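The following blocks contain the structures, represented as structure tokens.
After this come two complexes, each holding chain A, first together with chain B and then together with chain C.
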Partner chain A sequence: MSVNRPPTATATLGQSLFDVDGALSETAGRLPTRGQFIRRGGRRLAAGAVGGAGLALGIGFVPGSAHARSEREDLAILNFALALEYLQASFYTEAERVGALHGPLAQQARVVGSHERAHVAALRAVLGRQAIARPRFDFRGTTDDPKSFRATAVALEDLSVGAYKEQLPRINSDHYLAAAVAIQSVEGRHAAWIRRLAGIVPAVNAFDEPVSDRRTVQLVNATRFVTLKVPHTSSKRSPSFTG
Partner chain B sequence: MDGVQGTATQSGVDLAGAQPTRRDALTRWLRPVGATGVVFGAGAAGATVAFARGASGLTHRDREVLEFLAGLEQLESSFYAAALSAGKLTGEPLQFAQTVGREERAHLSDLVHLLGGHGPSAGHHRFDRMVKSNASFVAAATTLEDTVVAAYNGQAENVTRRTLARIARIMSVESRHAAWARGLAGKLPAPVAVDAAIDADAAMKALHPLLGGAS
Partner chain C sequence: MNRGGWIVLAASLIVIACAVTLWPGGHRAPGGSARSPAPGAQASLAALPQPSKGFAIPRPRLLRDRAGVTRWAPVLEAAEARERPTRSSPGVVRVGTQTPEGTTNLVVVIGEAVRHGVTWVHARLAVLPDARTGWLPRSVLGGWQFVMTHLVINRARETLTLLRAGRVVFRTRVGVGKPSTPTPAGQFYIRDRLTRYASPEYGPLAFGTSARSPYETDWPAGGFIGIHGTDQPGLIPGQVSHGCIRLRNPAIRALGRLLPIGTPVTIT
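Presenting the complex of A and B:
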């Protein structure tokens, strides 16, 4: 296998332009700002070792306390991650359902799809009622043939790697950090896997650089894959498309 | 290296199951420097003092972790250098060794730079057995890369978030290397939904076969 072809930039996501105020921009709007991020060091000291308790369920909010704020910031990050995982999970699930893939590519879609769905389930479990609902997706034919699928999967996975990287150091809780680290690591594997199947160098640079929230939202919106504005709170209604 | 992988199944991820890595395991491993084969540069202890108030703003623990990670990068760099100089690799495994070897060197120099210029000295490893064919090379690279991924993951909580931002740029590249190596070995590049995190002791245990006579 030749892996000499130039890398596909995440810009592949920008084939089509059509601004949709979808799940991602909404979750991004709730993320801590950079200023908050920089100031957090002092707050963390002030908050002391409170972080250990009540993390798993996001319960035990004390409104206004440093702990409540840091928990709120973390949940915003986890929801942002959830939006990205919804996107990926739904993409692979649809690719599997359409059935246009064969051989190693079909295996990649099946295995990676199961991972992304597991990430969705894990994030939803942590976020509980605060989890954003799954938006509706329209993958606009990119799951219909191996070539479009491959190009889109490369772009989605590379973007996911960069987006997680931006968020990791912003996570307050060590518990959530450990989980996000374990997931981003797998996203790196996914990116390399699909790149190799696409015939491009799996690890083209020595460093994966972070992708800002704004840029992530821009890239995802440019795909027009997200077709329905997502409500602030999850509803009991089952989504029209379950990925 | 499936042993390093599986704390999660593909169908179920337990975020609560992500194990925090204990610091004591790291320091315990770092103390007997040299005994394990990843030899840190002369004055690893002295450097801590000398650079305590360096411009880097690293905490003592940051330094310990970065020294450990630099040791892993040193090991990886030596491994790929040995594989290339043995001259037995062909095709994609050769391309893998060239690309990944270059990236590990870049990681090492980034970490050494962070540490204020004090890095690990080259270890004396005998990789002969592992670099004599594409197959043996790919098998060893898979073990090495999977272990390094888990070792980085295990240190994320042990450093300040500021240092994490720096090493996070390396972490996913190690994941890419691991996936590439596994693909070359005919294994699933991403076998589980959530990668394992291991402490320094576990990393050294997993690397034991590669370190061969050095330990």
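Presenting the complex of A and C:
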């Protein structure tokens, strides 16, 4: 089934568009830059030395401002991950509800959708009130037929793996890092699963390249899945119903 | 074997013996079934440091059955709804992007078809005669939205019942159309929600539906049927309205907390 709508997903990957909603670029803007990341690496080593001495004395010592900054940076990364998880969870949920998939593809959407929703729940739980709101999505017909769904799912899963790979080394907290690694490896399995269903070799290279924040935002915006066209279904206008 | 060799062998055996003792389920009872580690081994395992935990990842939950899920979409571009899924088919009505209340127009989807590479959506229409349907190009609609609710209004019993995933979550008595202006029967849907207006006769909250009264066509905005509160609660239940569904104000407020836009409405 094809859709006479603007080209989407895999057809426009690589096309740079403005961020229609700002959800991803907003979160990407709060991420630590590569320079900050490298500088922090030095601080982390120094803190490790101080921390080691502190532990030997039975004292946990972490500089307050540095700790707060690293926490902020971690939360920014988690929000960036949440934006991607929103995208994936919404995509699979919609595909399942539309009901155009059958057989192994339907099974993949059903199971992977449940995983992505669990990722969303986990990230929202840890971010609490700092979690970004779920953007509104228009998947532009890609959930309406198996062919479009499969191509889009491959693109989203590959992107997710690469985006996590870029962010993981920047996470300061071991707790957050452990959870993010647990999610990222599952995203890798998702990518392999849908690639196999699409007839694509699941693992082509011995080493994967990360996808930068900027590139991730570009790719997501290119799909135009995040929409500003929110239906206005409430009004303060006086009713004109028959009464 | 020299002395050094014996020492290495003895050390290896000790290491293996320790590993077998400590390994959970390492002891196999005759027949192959595992048994609990010895008390000493349990104490040793408990002394091991616990792996550090990140935030909790909840158990994945599968979606419920699709049955009972209704799909709707906003109308992004005005378009002619067709009798059949082709551009050459006769038009049914022009579907606009706004309702008479100024909210985004929307349609409930009841099917899809592809003709010559174009996806068409079979939709319920807010047009007389009631319960008419038509085909719209998928391209004029926005992203899919989903609801699991269903509103049922029984005119004879003067009741309104809201179901979610097939279960009754709200029920109340209502006022329906007078015999001269009866509430139309059929399949409709909730289009919008109006609040904070200055019309006490509609109570504090009103929902607009896709239903239209065939008896009140000269009514402003075309005689659409609403579900709303009232300033005359003593008339409910009863056949009292021009076609609208009237609820007592506490009931419409309660319904307002439960009823999402796009919910299908069955009036019997």
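Everything below uses one rule, namely that the second predicted complex is superposed on the first by the 187 of 243 C-alpha atoms of A that agree within 3 Å, B and C clash if a C-alpha of one lies under 4 Å from a C-alpha of the other, contacts with A are read in each partner's own complex, and residues count from 1 in each chain.
Just so we're on the same page, contacts are C-beta pairs under 8 Å (C-beta built on N, C-alpha and C of every residue); 3 or more make two chains touch, one makes a residue touch a chain.
Predicted, not measured: the structure shown is a model, and the values here were computed from it.
A.B. asks: Looking at A:V161, would you say it contacts chain B, chain C, both, or neither? Reply first, second, both or neither.
C.D. replies: Touch partner of A:V161: chain B, not chain C.
A.B. asks: After lining up the shared chain so the two structures overlap, which partner does A:W193 touch, if you call chain B first and chain C second: first, second, both or neither?
C.D. replies: It touches chain B, and chain C stays clear.
A.B. asks: In the superposed arrangement, which partner chain does A:S114 touch: chain B (first), chain C (second), both, or neither?
C.D. replies: both
A.B. asks: Is A:A182 contacted by the first partner chain B, the second partner chain C, both or neither?
C.D. replies: So A:A182 meets both chain B and chain C here.
A.B. asks: Is A:A206 touching anything from chain B or chain C once the two structures are fitted on A? First, second, both or neither.
C.D. replies: Touch status of A:A206: first partner only.
A.B. asks: Is A:P169 in contact with chain B, with chain C, with both, or with neither (first, second, both, neither)?
C.D. replies: first
A.B. asks: Determine, under the contact definition given at the top, whether A:R97 touches first (chain B), second (chain C), both, or neither.
C.D. replies: Only chain C is touched by A:R97; chain B is not.
A.B. asks: Applying the document's definition of touch, where does A:A125 land relative to chain B and chain C: first, second, both, or neither?
C.D. replies: both
A.B. asks: Where on chain A do the contacts with chain B and the contacts with chain C coincide?
C.D. replies: Residues 1-4, 111, 114-115, 118-119, 121-123, 125-126, 174-179, 182-183, which sit in both footprints.
A.B. asks: Under the definition above, what is the set of chain A residues touching chain C in their complex?
C.D. replies: So the residues of chain A touching chain C come out as 1-5, 93-94, 96-99, 110-111, 113-115, 117-119, 121-123, 125-126, 136-141, 143-144, 174-180, 182-183, 227, 229, 231-243.
A.B. asks: Hey, which residues of chain A end up touching chain B in the complex?
C.D. replies: Residues in contact with chain B: 1-4, 40-41, 56, 111-112, 114-115, 118-119, 121-123, 125-126, 161, 164-165, 168-171, 174-179, 181-193, 196, 201-203, 205-210.
A.B. asks: Where on chain B is chain A touching in the complex?
C.D. replies: The contact residues of chain B facing chain A are 8, 10-16, 18-20, 92, 95, 99-100, 102-103, 106-107, 110, 149, 152-153, 156-157, 161-162, 164-165, 168-180, 183, 188-190, 192-197.
A.B. asks: Any idea which chain C residues touch chain A in the complex?
C.D. replies: 52-63, 66, 69, 71, 74, 76, 100-104, 106, 112, 114, 117-119, 137-139, 142-146, 181, 191-199, 201-202, 206, 208, 213, 216, 219-221, 223-226, 228, 241-244, 261
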